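In what comes next, chain A is part of two complexes: it sits with chain B in the first one and with chain C in the second one.
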Partner chain A sequence: MASLRLAAPLGGFFALFFVVPLGLLLFTSTQAGRQIGGGFSLEQYAGFFSDTLNLSVLWNTLLVGAKATVLCLVAGYPLAWLTVRAPARLQSVLVFAIVLPIVTSVVVRTFAWIVILGRNGLVNTWILELGLSATPLRLLFSEAGVVIVLAQVQMPLMVLPLITSLQRIDPNLGSASAALGAGAWRTFFKVTLPLSVPGIVAGTILTYAACVTAFVTQSLIGGSRLLYMPMMIYQQALDLQNWPFAAAISVIFMVSVLLVIASLVAVSRTRAAQAAA
Partner chain B sequence: MNSLAMSRRTLLAATAGTALAGRAFAADPLVAATFGGTWGEVQKQVLVPAFTKRTGASVNLAVMLATEQIAKLTAAKGGRPPFDVAILDEGPALDAISAGLIAKYDSAKSPAFNQLPSQFQSAYGPAVTMQAIGIAYNPKTVKVPPTSWDDLWKPEYKGRVGITSLASTLGLAFLLDINRLAGGTEADMSPGFAKLRTLLPNLAAVSANFGAHGALFQQGEIDIGVQNFNFAEELRAKGVPIAFVRPSTGTPAWKTSMHVVQGAVQPDLATSYIDTQITAEVQTRMEMAPWNVIPTNRDVKFEGLVASVIAQNAEELQKLVFFDWAQVNKSRATWTQQFNREIRV
Partner chain C sequence: MDWEALSFQVVFTLVAAFTAIVLVAPTLVILILSFTAEDSLHFPPSSYSLRWYAALLDANEIGDAALVSLKVALVAVTCSVLLGVPAALAIARGRSGWARWLDLLFMSPLILPALAFGFACLMLFSLVGIQPSLLTLTLGHVVISVPFVLRTTLASLSQLDPALLDCSLSLGAGPVTTFRRITLPLIAPGVASGAFIAFMASFDNVPVSLFLQDARTQVLPIHLWDIIQNQLDSRAASTCGVIIIVTILLMLLMERVAGFSSRVAK
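This part shows the complex of A and B:
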């Protein structure tokens, strides 16, 4: 009883500022026409699915999130591993460096990337000077650029859960594996990696959800020729003031992202069950 | 214990009361929307001091795009609007008026209103300036100054051209103008889209909004593109290598107007704020470099870059190219979808 009462303020907060708006969103998405008050209809949903452009935008968004998340994982795992192994003093420096991006506004970080990836930016200057290419590469306003920047901007969300789960692994397990004759790589794949799966799953979910919805990064780095769902929602809600359609695509987008995350969790559960068996 | 609980409750109630009362006090500052960039700066530096000197009231400027202003007013409809004064381009202004978000302008309380030519007067508020667009280019990389939109299609500018999406009036006016030159009208945009498709190989960037577009010249991402006269000149004044030319086929332009919003908390202050904006005194100062704001008050002499680049006098302003924004608003959703579909990577 007492614990229930303790949870009441947060519960009330969620009900008021999350459940109610979500209900409003659902309600708005089932309105006919371009205004709230057009009467119940599912025409917004039908409209979305009848246009292949919308479907390809949805697919591209889910895909760009997946690419950025994979890059985050591949680059973030060694970083997390290094942080856990590092001596105490270096460890705090590393954790500070990992957390640092979170304290800077995402807009500022994204603009910094515009400077780095631009035609006259750092990356292109190096590429030209090293003779890797005769002309500057198109990094801004390309999907590759969006993936790179998303991966950096959202990196802490991947690395922090990884560090937590790697820290929980008993170092004796590694020693035992080595004593039994396994090499470093075998120990990593047979012991460390499976035991860090909870961290990988948590990090992947956080990073993925953040990447697909990263309106600022997607629109500033991608420009208008790379259209993703958040920009499309913005277009409908603000530029065109078509709230029912904006609400409907928001709901579709939310459900799609939840489905991706749910299947990820389901896969990791079966894996975990197999490993246990 | 009891008294502590009481005082805590009183405090809570008092806090809630203050929050609810919000901006109801007489001494509340006026809240005025403004655009980012040139407009936010010039209004902060010229209009706000002039208004405060005149009325003794203070102003909170809220930087918002036209579309954001309309969205916020729509969300607050029937309640207390989040700001008192709106500033809108012609298309969004018509939308806001027909949605009932804008109050009638009380011209009896606005002495400067009669100093505007009739085309700048409206029952819902005065036009405070005209925005004109043209071609901006980097004189360091573009050796032959462009003269018309067609120059953007030149093969040597492959991958060097920048435009904006239709979310910005800049991008919309550009599309409307190439459509006009290709023989289209506001009711038939297909010639414009056909022409725009042929620009694809030259496009380096299609900015999602006006703010992102401005940075492209600064960083050398693009060498040539469509740009707003005021903004290009402001960048040039800051030392960015950029030059602005009017297209020989005519300069597309539109009115920007200011409005008292429906149910404004401070309607009289709002009217007097807008009146200050259209006085000859304020517009004369805004016309100076680096702002170069095109005046609408007939008593303001055309001087500086406004006179040398845009128009010598109010009559010449009539020769700029205008569009039928009521018609544009009807099709904007369709065009946006078509733009999404056709202008992709």
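This part shows the complex of A and C:
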């Protein structure tokens, strides 16, 4: 197998610096006490699941990711739709605007949101001037703020797969639907939306995975009051040096994220099977 | 007048315009703010100057951190191109199951929580007695940059006409010559686009660097994160300004050289 040999260097590198570390993570999570070498035990897992505070951190992390992903989908879908239909010039401007954030630092963009959402920030200045509220709103360090900023920061991951799948739809299908008497909204919900499901699934997976682990955005916008799983792992691993417990919550977090993604894929597959039947 | 079609057009265009503005606005806000003449970060600034850019000239810590980030990103991306392009060739050619499994393995750093991976690497390195350094940082960054290189390289390989390779081989060119003269020139824009995204991802990475750096090798995004969280120094804005300007220039360059944005959007 000549071609397998070409993948061997990267395969070896990944075995050493990706698979082995993750195996070590799993091993450490099954150690008793606060250090590696404490002997096999599932006490770290038992400890995590017996405290409702930990469970609520896990639940909040998964939930805040889901909310941001839904916001990405609702706000991003029309942008993908417009980008596909726009004339060439506008299209390249829109694609540039969507791709630029991918290469622009997340730290930079999160910093921008602190300026925009802060107590004396742009949004609060407008709200006070328009008389919508008598006092500045608490946007920073709130869950709503985290959801909004996560959605903005990860938006391109949703929009790009959507553009790809919308481009693949035969435009004649829309015309056929219109010719058969369906209005624009009906055509959208009955033809365009179902055909773009592969893009929605791909975008949702990428966005969700990025949102739940977005350590920088979560900690800068959420502040110290809102605790999410990545920060919890960081605190246990580096501040408290409790590696077995940090490893256990890392494994729990990874498995939960993968379960959410797997169930998403499963649901979309059964839907596709039902549609085909 | 078809009111239904009109309402659909209006709603979709308005939401799309709103999203596009929200996508670009934060970057512009920081760019404008970086030229403030004031001491505090207030938007919009009442007067403009280059004083915070001038202040960067003797901000040694920021400069050192930027240098560490640049070195790590350059070496890590070079390694992931050297390892990733051959692997992409193998995966593109392989039709059997192992190619799909390898693809899944190499792409998984994109989906798995980066912070957990960083922590796992720290445990491995401390177990075998390697102190956090430029080396550990770079090794970790190779893993996170590989998926970007692999994805765009695989996309260009899938558009490569296999007849070209057959022609070259039947005209007597060996596999190495064929790769150098035919395959590489055709996939180069894809490889370059992936390398560019990988470079920016490495330059911006916090979750993995947190575990693999030490006090001497602090990377720029973590240094910025510290500044923003603790003292909100105005130099943070001018540093961000430099990052934004360089990013836009690099992206325009990549657009020219490799048709970057259409490659990523495909």
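Keep this in mind: the second predicted complex is superposed on the first by the 273 of 277 C-alpha atoms of A that agree within 3 Å, B and C clash if a C-alpha of one lies under 4 Å from a C-alpha of the other, contacts with A are read in each partner's own complex, and residues count from 1 in each chain.
Everything below uses one rule, namely that contacts are C-beta pairs under 8 Å (C-beta built on N, C-alpha and C of every residue); 3 or more make two chains touch, one makes a residue touch a chain.
This is a predicted model, so every value here is computed, not measured.
With both structures placed on the common chain, the touch criterion links A:Leu140 to chain B but leaves chain C unconnected. Within the superposed three-chain model, A:Leu53 lies in touch with chain B and out of touch with chain C [touch as defined at top]. Judged by the touch definition given at the top, the superposed model places A:Ile114 against both chain B and chain C. After overlaying the two complexes on the shared chain, residue contacts for A:Leu220 are found with chain B and with chain C alike. Once the two complexes are overlaid on the shared chain, A:Leu63 sits clear of chain B and of chain C alike. When the two structures are aligned on the shared chain, A:Ile169 is found in touch with neither chain B nor chain C. Of the two partner chains, neither chain B nor chain C is touched by A:Val197.
Look at A:Gln241: by the touch rule set out above, it reaches chain B but stays clear of chain C. Which of chain B and chain C touches more residues of chain A: that partner is C.
Using the contact criterion defined above for the overlaid structures, shared-chain residue A:Leu128 touches neither chain B nor chain C, since it reaches no partner.
Where the contact sets of chain A with chain B and with chain C meet, they give residues 111, 114-115, 120-121, 219-220, 237-238. Listed in rising order, the residues of chain B touching chain A in the complex are 65, 67-68, 70-71, 74, 95, 159, 164-167, 203-209, 212, 215, 219-221, 332-333, 336-337, 340-341, 343-345. Taken in their complex, chain C has these residues touching chain A: 2, 4-5, 7-9, 11-13, 15-20, 22-27, 29-30, 33, 41-43, 83-84, 86-87, 89-91, 93-94, 98, 102, 105-106, 108-117, 119-124, 127, 139-140, 142-143, 146, 196-197, 200, 203-204, 206-207, 210-211, 221, 224-225, 228-229, 236-237, 240, 243-244, 247-248, 250-251, 255, 260-262, 264-266.
Within the complex, the chain A residues that touch chain B are 51, 53, 57, 111, 114-115, 118-121, 138, 140-143, 219-220, 222-227, 231-232, 235, 237-242.
Chain A makes touch with chain C in their complex at residues 3-7, 9-11, 13-14, 17-22, 24-25, 28, 36, 74-76, 78-79, 81-83, 92, 94-116, 120-122, 152, 155-156, 160, 163-164, 183-185, 188, 205-206, 209, 212-213, 215-216, 219-220, 229-230, 233-234, 237-238, 243, 246-247, 250-251, 253-254, 257-258, 261.
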